[in-house]
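This is the structure I have questions about; it appears just below.
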């Protein structure tokens, strides 16, 4: 009870932060290509809902910094064309085999932290059985990234109620970013990160389609970070994360290989990219779209570490149409594959911006055993971009 | 407490059944090709352990007929070359993306029933963290098939303790078959089925390797069943399963498509095939081996229904060898790919026999709402094979 | 000039053989499941055309026993949904990457013998440029199997004219089988084989769709052969092939590994399966269909040797529909994936029968260096099936 | 005869151009990360050979601007671990199915222009049969990109002799770049391009391995081009290519969809990336490496147009080791997958630089029907980089 009250407070707090006008990357004058939608968020794709449950509780050895994010193509769900792509497979993604076979999505998309996959999986089945009692059970789609540096994952803090809250709280409108939902305990390029989002709207002569992207960022070394092509990571003076291990763990007797793994693991972890569009696309054109998201990651300097679960899930909100006949058929349309270019570009651009948004939104966080991850300094970012002639002239002066 | 006592009784009971000499397919005179190992089981592959937790509880609307099976390549686990293959992807298999990327298996293989994946997933992480406290957490490998005709899956009866019991109880030696472990509530070709196993040993001039197969069978229409090439399914007089729905559910207001789905779903469901071998194989030669298992299924008449999750997981018990150097390396060997033929044939043969063993071992079961699935009649099977000149002459006369 | 006259004679000869009523497998009383179309051939799928160029020339070291087969979804070609599947990849299939990306077929499907792929590839481009001057060039789809035991492949006997002849001669109606076209120099289960075809028609309540299969068979050891579930291969008295090498080659100084390869290569080679249907299918449902073809091969005993290029190409003749808009779109329908079961079964059955048809149609052939491959004896086949109670009662008595 | 003399002249000319000190990208002051090898070329990987045949003949409607490039892992070839990756599959790559199945490369890698694949395929078989008479024939690996804007591809100008010349002329040492070999008629970001190469050497504590990359570049719109993160493409004043069609073709009666395709096709075409390394890698770690190459492309602004055949082929020169036993085995090592990070980064960096090298090396070219593609102006490139504070201070002043 206490916990769910805390939870509500956290969620509301995060929403307020954004509503109170916390700046996003382009507010700082970071230049991006292409035209965003009104919210510059995945929810610009009509019908798409996002819900977060954020768990920030306890300190020291008991610190919990994790959560759950739910993305629904539509409140009533349905049968949406979908595809997945794996850039590096140190990853779990339930529902992937199903999407590969049938090319569709029938479940909400869930993003969470280390080792919560099982709980989220079970909870989505229960939620679906209650919400849609006449439908057969469908395989939940759950992905996670590693937040065990800041959060005690072996406490298994995410409960089924947290999952229900993220699902029931999913809504259209602005999307909280940074240390919220599944992104709560994440960091990227050694800066606090988490959830980020962005969108692009194509001009009428290219179909006026919207592409929306939501990312959960948790990868990259500091010096790899590029913003708007500028090698920002090398110039920042923000301290690197300070990780502290529990006394017991420090004395651990690990294998050589695993030990070294520990260090690298901090640099090279994971990213989940959700791409939504109202363009009519088939599983194959969506698969092509999903691959493009990784080109957006690369523009920011991503190298896809071997420790990464780098996963893309793409879906179209143009549902399959049902044809009553013997046997029944599905009717569908796709943008002519050779005219996918503008959608590819939009996906790359929105992914590039969503990642930077996740960095701009997040604030310094102290978690497990007092480990601390610092945040991107907005003023310093502007300074660096200015030195490379890449700050928008209209940018507000922060210092 | 009561539950775990019941559980133990069930496990012990199943073991006794086999130990007391319940016949297997070749005991009945069914002809199979190739030479099996001493146990004719996956445990003929040295080091491999199998554990079952079987849940047979309650009646009517409360009937539970499900369970968990654990397959461990070695008690201490390790880093085993592995590959997966999906014949039809109406399936969930956690760990599949990981295996595709790295080509190895670090976790036990878990087989269970509908919707227990999440619980099993979480439990394996907890078990691993406790059993191997100095190792990083690894993604569990969990697959399920659909037992909701006989078992109330929305009761989520499988608990973490059940999973621990299957893991802790895993052992070498004879493997209980039929309605045990993950296979408890399964049926195949409209006959009660579940877990089956078989093995093949190659002659010395082909390397003296062992291939072991364990299946969880839950697919196929009656008239599709072929045994030893004989169209047995069409000749059997065993009644078809009698399925009964709960009153509430019968009145359900489902969509047209989903309704018809219900009927077909009963014929065409899933199979999980685990292939183990002590032959040194690479992820690529294991992938080729995994594909061959489906040719064994086909010999028994499998058509891989669209409702199927038809999944194969293959691994070698010849661990990667660690080379301490900068950077560290893995050394491995594989049978020269062009000499894989005998291993392919062995896999096909062992899969073919394991499926039939799952049918021969299972006994009639009554479960959810009184639904009943009948068992293969051993005497009638012999009669049919005899009519087609395919019963081994040495077969014992059952009637 | 002389060559092209010879060629015509050969083509006409093959056609006459079939028209003169040479029996096919079911004419001999081999039992098969399902209802074939009027021709029991891939050309039962409306619009599909097949053309063969057969090269049987020379003797001894100069023997040529090869050819080209062309399959066209429609005379005017177009944009057909398509998918490929590889059971074993010791294979070449141009156009496969393209089909994987776009899910369609714009070119004729070409089947040929060892090392003719390049010539066929170039010739198809030339033919297409001439036949459809206003269309951009499309990637040809060319597959081959290994006929170098009977034919001097290093003479590169297939010319562009031969390819044009197969394409220009493609027609609907009965399809010549056995040692014709790409199948001229092939053998299967150590019996002369080549091209085979079969079809199935679904009942009205399953959509009345037709599935047609054409195979080029070149795989399998003798004792693996099963026909109608009966272990025919072990019972046949037909001599094994007699292979003779050129004197020079016998003295060759080969590597150990390659030498052994030579022997196995004779047992385990390749099969190409073309599946055509008039059912409206998407690239994903076609991919599922393609995988089912391999279950049909398995019923005849195929083990998919490591030396095999076991390839399936499946297409629907229900073209994508073009939607003029901005941007342009493709509209398509697919049978509801969960109702694909009857189409899967039809594909398995037609593949099973097409392979046996390739064996029944072929006659003994002597080729390179006097190597000889014997043919299946129709009378002995009937005898064996009769012993296993699997010969149709209506079968004509051959001896 | 005359042709082969011309050919030799062209090849020699290209070599002289580089030997005479034509600058490469880093000579101009373009900043790149990581340490290149002595040649900054794929040939820094010990044993790797590259050969080009360049065809620049005729004018107007008869212009030929094409060629062939051969990359050999080692002069004697052998059995090298290999993998392929397809970013966009409007592509042909023979040998890809084989590499996917077995994870190795036994043939030279051939890069060529539109529609020459067939000829190159046949020629490689002939060359291999002559060069290695005791080895069985292996499937050639041939990829092409589209040079039909500058070259009359329907003249099929590449002959088998041209292919032999590229293979026989393959050598270590500096690699000619720009309009040579398979890259002769290619352009990239609307600038003349073709072949480019680069390498990286890891420090001793990361294994001292070398990664070499060779690209054939033929993709991208002008305004997409980024160099060292700077949006160079938008700032260049170099005219766009001037394409002229043959009178007959202008009057062509094409389908609407195809017409529009024509325009886009010019912006969005293809790239082939060959990645070589002396690090011991398995097919799976090579597959991961191949995917990283596309992140290098992305850094330069690549969006992977739907018209692209964007293909990566990666191989290790650490051959499989043969173990004589029964059955024979292959022994191999791979860098521990979790230590692949530095190799990933090296691949990304070398790919990024190789593409820019292809632009820097190429000079303006006039080809088919007088169509002209202009070259990157070195001085203007420096100006633009300087404006963005991204020109190396040590750069020579060109204007």
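Going by the order they are written in, the chains are A, B, C and D; count residues from 1 in each one.
Just so we're on the same page, contacts are C-beta pairs under 8 Å (C-beta built on N, C-alpha and C of every residue); 3 or more make two chains touch, one makes a residue touch a chain.
For clarity, every value in this text was computed on a predicted model and none was experimentally measured.
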Checklist entry - What is the chain whose Cα centroid lies farthest from the Cα centroid of chain A? => result C
Checklist outcome for this item: Higher number of C-beta pairs in contact (B-C or C-D) found for C-D
Checklist entry - Counting in whole Å, what is the centre-to-centre distance of chain C and chain D, each centre being its mean C-alpha position? => result 36
Checklist entry - CA centre of chain B versus CA centre of chain D: separation in Å? => result 48
Checklist outcome for this item: Listed in rising order, chain A residues that touch 2 or more other chains are 88, 101-102, 257, 260-261, 288, 328, 336-337, 339
Next on the checklist: Could you list, by residue number, the parts of chain A that touch chain C in their complex?
Outcome noted: 101-103, 204-207, 280, 282-284, 288, 323, 325-337, 339, 342
Next on the checklist: Help me check something: in the complex, which residues belonging to chain C touch chain D?
Outcome noted: 86, 88-98, 100-102, 114-115, 117-123, 125-126, 129, 133-137, 139, 148, 153-154, 156, 252-258, 260-262, 309, 311, 322, 324, 328
Checklist entry - Which bits of chain B are touching chain C when the two form their complex? => result 87-88, 226, 228-231, 257, 260-261, 264, 267-268, 288, 291-292, 294-299, 302-307, 336-341, 344-345, 348, 387-390
